[in-house]
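Listed after this line are the structures, all set down as structure tokens.
Look for chain A in each of the two complexes below; its partner is chain B in the first and chain C in the second.
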Partner chain A sequence: MTDEHTHDFRHTHEHRRDSHGDTPPTRSSGVATVAASRRVATDGGQPRRRSETGVALELTDVTKTYGEAATAVENLSVSLREGELLVLVGPSGCGKSTTLRMIAGLEEPTSGDIRIDGESVLGLEPEARNTAMVFQNYALYPHMTARQNIGFGLRMTTSLSDEEVAAEVESAAETLDVTELLDATPDSMSGGQQQRVALGRAIVRDPSVFLLDEPLSNLDATLRARMRTEIQQLQRELGVTTVYVTHDQTEAMTMGDRVAVLSDGEIQQVAPPMNCYHEPANLFVAQFVGEPSMNTLAMRNGRDSFTGPVDYPVVDPLADAAHGVDRVTIGVRPEDISVEPEADDAETTLPARVDVTEPVGERSFVHATLDGGPSVTAAVEGSAGVRERDQVGLRLPPDRLHLFDTDSGEAIHHPDRESATAAFGPV
Partner chain B sequence: MTNNEPQSDGGTPVETDTIRQEQPTSRLRRLAETITAPATVDAAVYVLYAVAVVFFVFPALWVVSASLRPEGELFSYPFRLLPSEISLTAYQQVIDAGVATWLVNSTLVTILGVGGILLVSVPAAYAFSRFEFRGRRGLLGIVLLFQMISPVIIIVPLYTVMSTLGLLRTRAGLVLLYVGIQTPFSIWLLKGYFDTVPMELDYAARIDGCNRLQTLRYVLLRPVAPGIAVVGIFNTVLTWSEFVLAFTVLRSESRLHTISIGVYKFQGQYGNDWRAIAAASVIGMLPLVLVFLGLQRYFVKGLVEGSLKG
Partner chain C sequence: MTTPDSTTDRSFARLRAVGRRLLDHPLPWLAPTLVLLAVFQLYPMVEAVLMSFTNESLVSPDTEFVGIEQYARLATDPQFWEMLRVTAIYAFSSVVLHVLLGLVLALAIDYGVRRGLRGHLTTRVSVLLAWIVPGIIIGLVWKVMLVESQFGAINYLLGLVGVGPVPFRSDPTLALISTIVAGTWRGTAFSMIMIYGGLQRVPQRLYEAARVDGAGRWNRFRHVTLPQLKSVLFVTIVLVTIYALNTFDLIFALTGGGPGRSTQVLALFMYQEAFQDNALGRGASIAVVMLVANLALTAVYLYAFDVSEEI
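Right after this comes the complex of A and B.
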């Protein structure tokens, strides 16, 4: 898949691998790194060159099965550059949380390899993998104050003195702006506050890899939007390689350097978010990414026209792409459909009847049923200008159509990105 | 979501308790109020409470009263609840018979027994709740099965086993029996509490560097503390007052006898010394009453939580 991608924000902090190089990874050097990284973070940071390979986390053919019947993850391969944020997105039960737990060492893959900083971590205890994880329900230790929660990992795994732990905790708390909460217990905090403390518990350990498991799902919408930005900023300031699991495509589209779309334990596409949107690898990605999702029409490839519940002419640029494929699925984004007040004679305009219109502010969604059966959704600027039960024409511009091989689901044609209507973003 | 519920043993337990307890009452009350006037309902509820209290407390009060009567007044006619004069001779008699030794023995057996039960059942419940291993369900079933067997039914084979092992007439033998018999129930009860603690706490602890035992010790023990309190108190009551097994195992080894055997000693072949039995019973009851008063907050809380979530 396409994953050429430039990082324009790389304020990678003090080189994290220093402590793993010539000197043994004593904790004191770790502390220095943490402190240094925070200083860099607050100073704005100097752009730094990545390590030679630049690969911080690599999963190779990772498979996880439970018993004989259930396969949670199948042959999953993906690698993350240092400082990259990869969003694992997919419907529930697609194996994304299992993947995260395998990286953390909470579960072992049935087969395949997981490498962190170039070294296989299979069989290592979670603490030895130097990952940190944030959970959907925060999983703060209920009987401990925020201070104890954040410091617990340091106390368990290092020989830091009480003063040193306290200093680390204070520093992490400052980064996350939870200093006033340090002596409170989780049950007296709001969800957002608990989330910050949970993030503090993760960053205080100066992890190589940051694992976030649906961290915003339990927050209300306003807070979620704010925390989304904050987590992004935090991740960029600290420059920690991060795997972010979510089922929310807004988070997937806005947060990730790249998005890995998962379905049934298999990766469908790994690409920068806009690529997933504009050039979905297959029907699943096409329909999963984008809101409202892409309209699809399953057709048969006739000589001059695609036939099915409705007919659509085989014109350029579709003719070449569809050549030799018998069963094709036409995909069209709602914002690429224009709603004409009445059906004209053009073959690319399909007669339809409006079912419902949904004004959502600066644009409106028009849900309509094509003459011939299938329902489609169009997104138009401003108010819809049509009403329920109106007969309209839906224009599907040939240069805006995606084509998929119906049998394999694979994409066979994408429209030029340049022809996209500038007025509409994907989300 | 649920992660901050099981642990609130420190923060504001009173508040949550009242909320939880009021719910069914108020529903009942509302139902009743649709039929009758609120005042009538109030009165009826209190009468009901009074009847319940008398029903449960009367035997205990009678025992206290009996222990304080002068000799010969016990079966006086007409019946009277309060003694005509207070006499402590029965208590003197019980003290002379060695009640102090019995109390010490009971205390030792109870502490060792309950300690042993917790030592086995807490890690076992943790394992049953958290680990996936072959035969887990089967083992749980077997544990449940053992719970259903009354020790009295197997007392003859138990006696033979104890005899073979040379554990008759020993305190260790009795404690072992208590641990063996009470552990299944305790495991099941505690497993319910462990199940309410979200798995993510274990994950977080492991990432923070805890091994399994440290996870249990530092992270999970506190959230399940109400359950441990329930199991502890419940087994304390059972062990303290247990008679059949103690009598079977300890036999004539009188220096090891517990308070329940002590009470039994005042039963004679030709007549029972009811005043002494009553006095010994009162002395035997007191430590439990005190323990319960001290811990009832946890007991009630633990039971309520267990019933709601277990």
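Right after this comes the complex of A and C.
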């Protein structure tokens, strides 16, 4: 069935890319001609104008407040290259969906500017923005068949004839492998099938910007993993600039060209996923990205050692970084901690007692309480080799530590990425 | 060996099993409703149908079976056909006006609520007030308002702009229009409540999807709101039709069927035949005709709306 296999998108959507280009398409395929004629119908014969700078979507100082008190999004600025996939990730209530809805035109920013293909879309109705959106719960029209659902936007926004709409719908359906479902209504489809139809409804519009609002959150784990790959593949094939909203950091890490981590309406960091992982800009990003999340220990910066619930020596390269900062937080990824059978005398090895071990296949998580109080998690290869209530030593290699200014939360030191010895990446 | 004790245990167990199976069956759960329907709806209905084939009278002890005589009499009575026409006009205008005005009001209130505007509660309450007042009172209130001299509120107001007095209740056509207006004033509330309930069940995300799909206000109404309201509109129209076809109290109080027979609807006619002329048999035959009309119209709606899947 539809859900059971992936599909090569390249074939059916080749023409779409061309129709974005500056030269008019010269394809002979029937569908491509339809696409070209639609351009003519909607753009008065001019190829669609793209920004000179290659920036497809630009948000400048976008702020959204509700009434006096509630600020959903604050001074958010980010720009997307043409064809880029940006993942907006953050906990619920961080303003990521509001941001998406402002791009779509479902809500207006209180201040700031949103530009699509170089032109401000403020005040424009959603239909005038040339965006397409996939909603979390798909929002398919329940009284329409898949065919009508996919074709609805074309019928509303273009002057295409019924035959041309039908051809476009067929082509999108083929791309998403839902041809057999075209005459079914949403209530007779599985979640995955509805998802595909919702994607079809979005891509058939051939939008400038593709907006996805937690599209996978209603799917079961297996299907989610598969759709993740497929959406990525689809996005690459279509080359359409995409904003993808999720609270799932796995999706954020695996899908995006870049990830924008949001918290409390503010961007914490915009960077390629692995940069967010290796060089988190602040404590929030450090703890949000990575599973299990980074261990943090709030300390005071003594002359020779960081003091707090436990003591840790101030050695190179930490000393320079921490210079002048009184309250520092040490961050260490679980996979950078090694579990020793017992505490040796080395100052970088901290005595702890194992609370729980969680084998998760090829590695195990060891949750332990340091003798000084705080709990930390270590990720070790294979089975942990320790048991609950064992006394162990946790070695925190100095060259694997992150340092943060506790007061501002800003990162002040990251370990050298080259020195990574851990066998595991994130996730 | 089977001891007496274990036999008792076993029969208890069997009893429990029977009880459990009974509870799994829909019948015990439907029974209360079925009994009530049978006693208070089905039995009187059958009785009325049987009565319509007799000449039963309130004042004569002799009741005879007269076959279809009562129906033949109705069919050949030109007044009956005139009343059927009046009833049809009244019912049709009522359905159209109630549902259209109800839809408009419901959309306005829904819009107000979604936009966070003030006053939607007041509007809802005031419209609903008209509905909870008994029809007979409404008839009387309108009768007072429509008094055909300067003492009638509406004629007084019309007098201020130099119109009237208008013979609202003595002109045959105006009298019928007056009953329709009074009925609409009252009945719109019901449609509004029903449709407003339906509107609230339309998921906001469908409107958002439609906006992103480029549908303007009208197209969102046409392609999202209306299809989503289909089953509610169906139920509303059926109920308003039944309600309008059977209207009695309001017309009884407002015009009493007059002038002449210009506002004489079937329900009024039935009442007069059965309880003023004491001819129960004749009254019953009119009741049966009304029943058939109700059923037939409901069937037509069922076909027209194609809601078999949703109900």
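By our rule, the second predicted complex is superposed on the first by the 374 of 427 C-alpha atoms of A that agree within 3 Å, B and C clash if a C-alpha of one lies under 4 Å from a C-alpha of the other, contacts with A are read in each partner's own complex, and residues count from 1 in each chain.
Here is the rule we go by: a residue touches a chain if its C-beta (ideal position, glycine included) is under 8 Å from a C-beta of that chain, and two chains touch if they have at least 3 such contacts.
Bear in mind that the values here come from a model prediction, so they are computed numbers and not experimental data.
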Query raised in the report: Does the chain A-based superposition show chain B and chain C clashing or fitting?
Result: clash
Query raised in the report: Touch check for A:P186: first (chain B), second (chain C), both, or neither?
Result: first
Query - Contacts of A:N218 with chain B and chain C, given as first, second, both or neither - result: first
Query raised in the report: Is A:G153 contacted by the first partner chain B, the second partner chain C, both or neither?
Result: both
Query raised in the report: After superposition on the shared chain, which partner residues are touched by A:G123: those of chain B (first), chain C (second), both, or neither?
Result: neither
Requested in this report: With both structures superposed, pick whichever of chain B and chain C touches the larger number of chain A residues.
Outcome: B
Query raised in the report: Looking at the overlay, what does A:H143 touch: chain B (first), chain C (second), both, or neither?
Result: both
Query raised in the report: Looking at the overlay, does A:G67 come into contact with chain B only (first), chain C only (second), both, or neither?
Result: neither
Query raised in the report: Touching A:F135, do we find chain B (first), chain C (second), both, or neither?
Result: both
Report summary line: Both chain B and chain C touch chain A at residues 101, 104-106, 125-127, 131-133, 135, 137, 139-143, 152-153, 156-157, 201, 205
Report summary line: chain B residues touching chain A in their complex are 1-4, 6-11, 198, 200-201, 203-211, 214, 218-219, 222-223
Query raised in the report: Once bound in the complex, which stretches of chain C touch chain A?
Result: 203, 205-206, 208-216, 219, 223-224, 227-228, 230
**Report entry** Residues on chain A engaged by chain C in the complex (per definition of touch)
**Finding:** 101, 104-106, 125-127, 131-133, 135, 137, 139-144, 152-153, 156-157, 201, 205
Query raised in the report: What part of chain A is in contact with chain B in the complex they form?
Result: 101, 104-106, 125-127, 131-133, 135-143, 152-153, 156-157, 185-188, 201, 205, 218
